[in-house]
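Note that chain A is present in both complexes that follow, paired respectively with chain B and with chain C.
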Partner chain A sequence: MLITGIKSRPVYDELTPMASGLNHLAAAQGSGGKPLVRLLGAMTPEQLAATTVLYSTESFTAQNYLFDLQQFRVRELAVFATNADAVRGLDASLATAKMGTRLYLSGSEGFIGTSMQVATSYGMNRDEVLREHAGSFVRRVWCAHCGHYSENVTHRVFVCPGCELNLIVRDHYSGRLAAFQGVKADSEVPGEMPENEELDT
Partner chain B sequence: MSESQHGALRLRVKRIEAVTPEINRYTFGAADGSWLPPFSGGSHITVLIQADGDTRRNAYSLMSSPYDTSEYQIAVRRVDDGKRGSLAMHNNIREGDVLLAGIPANLFPVSKHARHHLFIAGGVGVTPVFAQLEELSLKGSSFELHLAVRGAEHAALGHELKERYGERVTLYGHDGQSRLNTMDVLAGRPLGTHAYVCGPTRMIDDVVGSAHALGWSDSNIHFERFEDLGSTGDPFSVTLARSGAVIEVSPEQSLLEAVEEAGHKLPYLCRGGACGECETEVLELDGTIDHRDDWLSESDRATCKLIMPCVSRATCTKLVINA
Partner chain C sequence: MTAISGSAAFKTDEAYTPEGKYLFRNSPEGVRRLPFPFPDDDYMYSMNLEPHVPAGDGALRAAFDIDEHYVSECAHRAQMLSDMPGVHYLALPHMLEAQWDLLELIFESYARDFPEHFTLTKNGNEWRWQNRLLGIDDSFTFGDPATLPMDPMEYATRQAQGEFVVLEEKDNTLVIGAGMTTQRADYSLKFNLGMSFFEFHGPVPKLHEMGILDRALKFLLRMKAGHPVRRVNWSLTVNPRLETSVETLPEWAPDRTTVTSENAGEKVYLRIELQPLHRLPRSNAIVFPVRTYLVSLAELVEYAPDWAKRIHRALGSLDSELVDYKGFHRYHAAAVEWLSRHDDGAPLASGYPWAPDGIQPNAH
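Right after this comes the complex of A and B.
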């Protein structure tokens, strides 16, 4: 469970079946497979038959729950090699989904955040979506200077692959961008770098 | 902008039109000829009506364009029983008269994030929808209206909207045959659809029930009850803790109206148990509270520590409220 003092960071839920829904979409990545296995285990046979699972085997911590997920009799299990592909798959599923759909997301903050951007673009509300954080606390960082998104950032100071500036990762999470903000680390005094540290991983 | 008097607007009746056998449409301008406060689609005003020597405060949805603050329009359905406010509007108010009204408040706004807006209305419940559709139409949003009426002579407002918005408006009951089936209307809708219902309690319950059966979550279901505003029932008495005043609430008036009649003030906005503005603490109670609002939670109701004076009553030998 991710608990930090960062007020802008989303408060995550625990995945449990939303009984009021008639159609269920469950998307997870890497370690997020574990909460998904728990969720599917709590579902009735009818709910499982109305559930599509999207799973990305890309994982920062090399966790793979595909075998466990394959044990459930769901409507469909779609497997993706990368998180970006899984998010595109989610987009395609939501494009034809009807009212009455419930969405379950689990995995890294970056995966949940980018999936949530897609869900929001289809007008899904907070009472139609549950999100559970799983695995590493690596951050997705948006560069305030060139707009590049860096995945899996673990340290306070890093070099932006987009513009090669030294960035410092601020403890501010943007739900809209689904990323923490990175700004030039030595903007006050050029060359004077702040102390680097491992982020809350 | 029009000067308010003790927080009330002075409205001059510019036009009165009979749009159905039971519904009159009133067009108001500011009595001093200036501009009226702006409002958003779904807003209502509380009109002060003199009836049988008492002042009725009836809430009416604004149906004119939210983009034109030179005028407000409301529609008033004549209700022959009940509290006679609407009867006084129909029988006593003439063009040129000046009425007092509160500034607009909105308890029924359109969602800012919806991908499609689906309106379901019955009879005079269509009034807020007039302003909501005008707002959405100018914004270029996607919408449709399903309107049920009781027969051809009640369909004039529906035909007006049909003329404005064409295919996006479907009428039911105007031909004596077609019937609105809420399951059919709500089924198979894409994600991000928001439903709005305004009409009789039976219609609201039907739409909410159908939407839940189809798996809709509550944040996509919006409704406004226009019936049952006000409160009638057995008489009871209430003590205002701060002044010690003991006030008798008659069968024909609400607790709020009785308190106002006695010259005391309570906060209020919707006067229909929806907005929560008049929520008041119960300090002492011998008996039970008859909760009639849509505001308090089940647990709040059970503890009987709070009451909504605009609609709720009590069956009690003693009631002291923190007012």
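Right after this comes the complex of A and C.
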């Protein structure tokens, strides 16, 4: 079973204003505030007035761009304490969004992935969404054996909090589950563990 | 004359699980009709797609092949679905039209190719389906899911041998929209659902570099309804275990350590995958069936000695990346050593067994 070198990891964009948009939603988390500041700086006053910003201050690396984001004259700036709250806020915003809405996402892979799940559920197309990765590459991992999702995984091998098996993280990514795949690390010979390593965080 | 002569040939007491003690055996005829996947002594990937037209009187005679394991394989599927609900069968909500397409394709093919076992009677959209092998006689309205006890795809594929993955065409690629995969080789349907062609092929080494994926996708996107194509693929499995999903890896991966050069003949099974791909007419989806055949190395030696020699050479010279990917590096050497005792080195024919002058199970 191939562990590394799998080519399913998402390829990210760079956030720039989408001229075709009539209405802009920009959601970010932690370090993702930095690309958002750059995005807002590139917008016209009209675009800013049609932009709602959602920002989660939860950060794996303690990065906070709230002060910088507050300097822009946007339609609305909503602040959330956790990434999960911000994703729920995005869901609520998309529920009332009109045609011509463009979505911008930045932050950790887990945040972008779970936000994309919401966007996909509203039928947004890939050309209506830009995604920029920021900060550490901590991973969200789905356990293939018990279905548990682990957030912010930093090492190749870890113990699943759901079923307590030793899991190895494969470089295989599911957009639908917004997670990498974890499988039993010592599946052939229990106790015979592969070498652990820090992931490319 | 059909490849299966009457229902007496169908085995009903087979088991593909350790709980059932792996009660599984092939008859001599069952081995010799297999779509043996090694045309040459050296094996490397290729697209190896060819028109799916009837060939020979073995596994390639019908659009969707059934064999002596049909009844027990359907029972195994029912057991797997009830053991792990939501893991082996999944369909995205918008796939309903493709599901009906697939039901029609399977039932029409079975009724045409095996009229002694299956009958499909159509009166407009009022259909009657008779499956004498499983004792099913149902009437339903084609296109109306309320007239079936479950999803149309689940209903049809519970009565079919092999896996079925339905791919929808979207943004110039193919995306997994539904699957019935109770016998999948080392992947997770739940994880792969919604993935595009390049994404779900991500874990396969060399394909990207060799440019095979680009060519294969372009080819598949040009497929037309009524013009199916097929390819064969293969792997090795320890014990006659059909269900080897990622989810249950901890249950079956330890078996890989039990193979020795003494017991490899009985323990190691060649897992042949026949993949007859069809474009579906209404939904424009593509169905990717994986019809899996298991045969032990010992059965090959006994009933198809030339195929045993061929697999000895193909395994012996196999690229090490493929050995790793297919998951048998731990017992590869033992299998090759066991097989070496049954290979006299005589030259063998080239080509698939169903091709003119292709390799036959035995020389005479």
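Here is the rule we go by: the second predicted complex is superposed on the first by the 195 of 201 C-alpha atoms of A that agree within 3 Å, B and C clash if a C-alpha of one lies under 4 Å from a C-alpha of the other, contacts with A are read in each partner's own complex, and residues count from 1 in each chain.
In this text, contacts are C-beta pairs under 8 Å (C-beta built on N, C-alpha and C of every residue); 3 or more make two chains touch, one makes a residue touch a chain.
Quick caveat: nothing in here was measured; it's all calculated off a predicted structure.
J.: Could you tell me if A:A144 is touching chain B, chain C, both of them or neither one (first, second, both, neither)?
T.: Second partner only, chain C.
J.: Let me test your reading of the model: by the given contact rule, A:R126 touches which partner, first (chain B), second (chain C), both or neither?
T.: Once the two structures are laid over each other on A, A:R126 reaches both partners.
J.: In the superposed arrangement, does A:G21 touch chain B (first), chain C (second), both or neither?
T.: In the superposed model, A:G21 contacts chain B only, not chain C.
J.: In the overlay, work out which of chain B or chain C sits against more residues of chain A.
T.: Comparing touch counts on chain A for chain B and chain C gives C.
J.: On the A-aligned overlay, A:G100 touches which partner chain: chain B = first, chain C = second, or both, or neither?
T.: first
J.: Check the residue A:V37 against both partner chains and state whether it touches chain B (first), chain C (second), both, or neither.
T.: neither
J.: Residues of chain A that sit at the chain B interface in one complex and at the chain C interface in the other, please.
T.: 126
J.: Please name which positions on chain A make contact with chain C in the complex.
T.: Against chain C, the touching part of chain A is residues 1-2, 5-8, 126, 142, 144-145, 165, 170, 172-177, 181, 183-184, 187-190.
J.: Quick one: in the complex, what on chain A touches chain B?
T.: For this pair, the touching residues of chain A are 20-23, 94, 97-102, 120, 122-128.
J.: Which of the residues in chain B end up touching chain A in this complex?
T.: 113-115, 186, 188-193, 212, 214-220
J.: Where on chain C is chain A touching in the complex?
T.: 171, 186, 188, 190-195, 198-205, 208, 246-247, 249-250, 253-254, 256-257, 324-325, 327, 330
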